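Take a look at the structures below.
Each of the next two complexes has chain A plus one other chain: chain B in the first, chain C in the second.
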Partner chain A sequence: MSAHDRHEAVAGPIWTPFFKVVALIVGITVVLMARRFTLGLGSSTALSDGYPWGLWIAFDVVTGTALGCGGYAMALLVYIFNRGKYHPMVRPALLTSALGYTTAAVAIHLDVGRPLYLYKIPVSPMWWNLNSALLEVAVCVMTYIVVLWLEISPAFFEKWERGPDGFFKKLANTFHPIIDKIMVPLMALGLLLPTMHQSSLGALMLLGGKKVHGLWHTPLLPGLYLLSCVGMGYAVVAFESILSSRTYKRPRETRMLASLAGVTGWVVLIFSGIRLVDIVLRGKAALIFQPTIQSLFFLVEMAAFVVGGLMLVMPAFRNTAAGQFQSAMLVIFAGTLYRIDTYLVAYNPGPNWHYFPSVPEMLITVGVIGLEILAYVVIVKTFPILRGATPAQAAS
Partner chain B sequence: MDSPKRNEPRSKLFEDRGVDRRDFIRVCTMAAVAVGLPASVGVKWAEAAAKGLKPSVIWLHFQECTGCTESLLRTSHPALAELILDLVSLDYHETLFAAAGYQIEDALKSAMAANAGKYICVVEGAIPTKDKGIYCKIGGRTAIDILNDVAGKAGAIIAIGSCASFGGIPAADPNPTGATGAPQILAGKTVVTLPGCPANPYNFLGTALQYATFGTLPALDDKGRPRFAYGRVIHEDCPRRPHFDAGQFVQQFGDEGHRNGWCLYKMGCKGPVTHANCSLQPFCEVPGAWPIGIGHPCFGCTEQATAFRIPLHTTVEIEHPTPPDTYPPIKADHGRISPVAAGVGGLIAGALVGAGVVASRKLAAEAEKEE
Partner chain C sequence: MPVDRRKLIKGLAVAGAATAAAGVANAKIRPRKTVPTDAVGMLYDATRCIGCKTCVVACKQANDMPPDSASTGGLYDAPIDLNSKTKNIIKQYQDGEKQSYMKAQCMHCVDPSCVNACMMGSLAKRENGIVTWHGERCTGCRYCGIACPYGVPKYEFEKSFPRVIKCEMCSHRIAKGQIPACCEVCPRQAVIYGKYSGLVADAKKRLADFPDRYFPKVFGLEDGGGTQVLYLSKAGISFENLGLPDLGSDPVPELQQTIQHGIYQGFVAPVALFAVFGAVMWRNRRAQEKAGEVKP
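Take a look at the complex of A and B:
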């Protein structure tokens, strides 16, 4: 990335007590994952013919990639809207994105019936069904994961270049100039791909037709998914920035986050507005007030969106770290619920079908997220990702 | 397969007519497959024909419209030319023979004498019995006499069409000539009946060629009909069956349901009681070339009790009322919500909310301190 930002690896040992606890949880879930791979989906999950997509798709993949949209959202802001002041936040955002998407890729291997055949998707374009929204998601996500790791790769190269002679140094010396040269098209690709597949994730449930509750099913689903993933992306950037600066005793980015919060707030409020107007125009408003579980979830979801959005635009909240943190959590919660609702709560495959994730499903999800946290900790403590402990201006 | 033996007399014949042995075997194989026999049977036919072991066929016409012969003329796999020239030896057929008068009657006598006990006797048309059978005479002999004579020395007897099988149209009320089918005249003999108006030519070819190849007849039902073709009712394999199951019926010709190809049961379709393979084996390889295929109710031509007796638009009782197998059960629970899982889910959600609240409180406290 550009030379005017100073990124530094976080000092300190990797094996902290927190790290050990998370590693233990991950270790336990690895056993559960082994069980799923040896005994099959039926042994571990509550999935059925009516609900072939459960927690792993609704949360790990659909929500996980949306939470990994920080990189996309920040790149949109910095490179498309030319807000260069946010540039220091791009690299951490890209790391969370890369980890989020990689986690989703791990989760999809757990979820599909025959994960060994997933490799056939990239190697057999001659057999692609180009009318499939699912193919679009698969190909885009696969490509985007590669693009994300390439985008973040300068952070690794910077470390290896200064390191001892050897394979990694050679690797860095060879590829760093190449990556720098192709960074602009890479960034462009990194903006295009999520635009495609995040909207396709909405399109998947648009294809669900009457199986999806009227409060969620709308022709605008692809657009709403895109808009909400941008809002969630910003919220995750703020959330991660606040937590990491507190944990690693870095300077807070409260002022930068405050102006980012304005952007996030308006994105979320516009999303909520479009959604409510769409529901009214489609004549589905009466569904909100029916005593169903769906309307309850809808109300909770919309309340979180609207309250989170309002907090983000109100100076009283957006200028304090706690306010930023709370509003970011609300937006993340709302966006997560929106996705889980569309895929599970609003989804009704027919009478008498029930689904609630089984204990192994939930624990494996926890483990997958734990794995993501471990990777994050290791990477930020090894490579220059976060903004330096000394302010950039002072260093330059 | 053996390599072609060009020096065999039959092979010479092919060359004379410009027919390759390979082409001939292909024709035989296609014929075998078209009538539902294994392709290897076609090779056997070809070999039998090459040795000159073609079955002799004597074809009798009585009270009929020649529709069965006409439809047989229009088969193309095998075409009739191939059939009569290559696969069977057609020794007597009033419609197809150039000869007439004493000449053709001599042909009949000599064929019967030469192949006594081996030839296939095909009967087309009903036989009048009233007034000693005087209503149908050929060469001075009544139909009853001819049939008893020819069938008596035959190896196999096939009654083609509804008329020969049970009387058909000539036997319809009031039946002025006392017409009846061949099985009724030839009581005690095995008569393969191939009812149908006309009979599907492939059902005839399958039966005739099986006899020609193996010397056996197909399994028959109690009315002498080959089970391979008449084992199931039209209704069971009807392409419009889903509309019957869904309750979508044509109410009158030209209505919306009729234009959309719905079930013709209420229009008097006899499919539910009619044993035939019309929907599975199209006439002369033309898909949809059968009554229901062109939007007309089946009139039950293969059933003595139905054809020419029950009015065209009268509905019939369903013979095998089978329920559709695709309806889901009225109440079946799929998937179960485990209380433990719900508890664990609640714990995880609670822990997340709790952690969020604690973290934001700490943040607020620290921010206050800094100020």
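Take a look at the complex of A and C:
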């Protein structure tokens, strides 16, 4: 059995009505993006000196990359914990990761005020401020995007190798063997980089100091971000697997997902446990019961984590596709809220400052996600990413 | 199969623990930053300020800042807070009988959060301790705004190629042998410029000479790790009343830096982790190949 049997491109035309609608939305938001670049951030966003970071950082970048951790989480499970049976799920997960991270990179260009200068980060190591957690994130994410596309590149090569003679075939014939040879260090890098930058994304807000609410500001932020991104990664893999098998009429992976659900559930429950114990030990438990918007968001967030986690470990839920879908949604929701809370709800720059994303800000976020969906559809319909329609026996 | 999973996980756990231990062993207490020997600074004495705002006008002129007339419907320059057109502002605190003015500007922290945050050193602390902004290195990420505990760095949101605006202690004037514009024009010498050490002595002397006139503390000696702009307040009016946060004496970046440096010290832990990942994967793969299974 070779990789070719396990993954197949989805048959059917790319230009479905759904695709056209998404493309239209993206087209409209491209106009808004152009406006943002010409007229400045003030014209399009609700950002202010009090809230210099908003939806685009908290959701598109910080949450977006965490949702892109499926590849990381699956690779950890398959290659480190040696659970070979999940192997067929690695490639789709890697694609969602590559797209998720690339999308986040697009969002960063929209968000920073001087995107023209972003190129200076990779080319000016002599300027690097090694104390900056944001630099660590930037360099890691840039590298990781390259690593992810290299990891997924065999899917492209497999197609081109069988295609007509020409540039792509030559490309595939030259590089496929090289990639195969360096796959182990590449994948090790693919595990190291998210470990580093996902924890650093938590560390970023440590610098907010007293401006960040006590329920979120903890020395454990890096660890909590790491743990929750793994949980979110599994949830996204389950979500994507169920959705794509339904949309593209592929065999359901309910059984495999059921055991994956167990792993996810425990990760999420351990996360919730650490989070609560930490709050108690830091003497901040009283904050939970204060009538503030922060405590409300905290309770919703924790409830979603705990309920989602419990559903995932309970056989009654995790063995059915519906239960898997609902619990995955809950974990995705909880992890998203946790990030938005840390960056926005928990952030208090003082009186007189308010932030709620503006309409163009939200539409551009929608457009960025739309772009990701379009790319996903094109790629799975062109290249062997998803599991074949004829289910092969999973390895080991 | 079967690769001895238990053995592998055990090996991984040991390796992971070793990595973590390397990190912890490296987590030295971060040495406290001290004020540079040539440090300059400013001292603002609220008991002397009459709220004339001459310094606000002078600051605008000296720094080529446009007027901010939003609050007056375009009539005249009247900023209501620090913003992208205003590096210096006089605010008023009033609570019944108690009244005070307050000069807000960059504090030129001894261990500046903004400098720690900035990716390529666009914000940098100079030899004399002044924190300046260098546009050619700024990506406009605005992390400095998140990091600064005093809400100082401001941002030209209305521009397509924005700058970060903050008081740079009139470095361009100091370079020419002049003193900061605000200090030069103040008719009451409520804000003065000088060597940091001299200013500290001056402030302490004022407190000692007129204890009933002042709130009994010099703000900035150690707040948030210390600042090179020092403040004195009127008796009965705390610095929090004046809008300066109570940061304690720990430098604001200390917690984050201790953690990050603990993890990344000498890059030992990441390299170790990379080696562990690589080794485990290679072992798994070889075991699978031996067992006659496909390579991944």
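We take it that the second predicted complex is superposed on the first by the 388 of 396 C-alpha atoms of A that agree within 3 Å, B and C clash if a C-alpha of one lies under 4 Å from a C-alpha of the other, contacts with A are read in each partner's own complex, and residues count from 1 in each chain.
Heads up, the rule we're going with is that a contact is a pair of C-beta atoms (placed from the backbone, for glycine too) under 8 Å apart; a residue touches a chain by one contact, two chains touch by 3 or more.
This one's a predicted model, so the numbers in the text were calculated from it and none came from an experiment.
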Chain B and chain C placed together on chain A: clash or fit? clash
Determine, under the contact definition given at the top, whether A:135 touches first (chain B), second (chain C), both, or neither. second
- Message: Which partner chains sit in contact with A:326 here, chain B, chain C, both or neither? Use first/second/both/neither.
- Response: first
(request) For A:48, decide between first (touching chain B), second (touching chain C), both and neither. (result) both
Request  = Based on the superposed arrangement, let me know which partner A:243 touches: chain B (first), chain C (second), both, or neither?
outcome  = first
### Message
Per the contact definition in the header, classify A:181: touching chain B only (first), chain C only (second), both, or neither.
### Response
neither
Where does A:85 make contact in the superposed view: on chain B (first), on chain C (second), on both, or on neither?
-> neither
Per residue count on chain A, the busier partner among chain B and chain C is C
In chain A, both chain B and chain C touch residues 48-50, 350
The chain A residues in contact with chain C across the complex are 1-3, 37-43, 45, 47-50, 52-53, 78-82, 84, 87, 90, 111-118, 120-121, 124, 127-136, 138, 183-185, 187-189, 191-192, 195-196, 199-200, 203-211, 219, 222, 347, 349-350, 395-396
Seen from chain C, its contact residues with chain A in the complex are 1, 3, 5, 8-9, 12, 82-84, 113, 115-121, 136-143, 145-147, 149, 151, 153-162, 245, 247, 252-253, 255-257, 259-261, 263-264, 270, 273-274, 277-278, 280-282, 284-285, 288, 293-294, 296
In the complex, the residues of chain B that touch chain A are 328, 331-338, 340-342, 344-345, 348, 356, 359-361, 363-364, 366-367
Per the touch rule above, chain A residues touching chain B in the complex are 46, 48-51, 242-243, 246, 320-322, 325-326, 329, 350-359, 361-363, 366
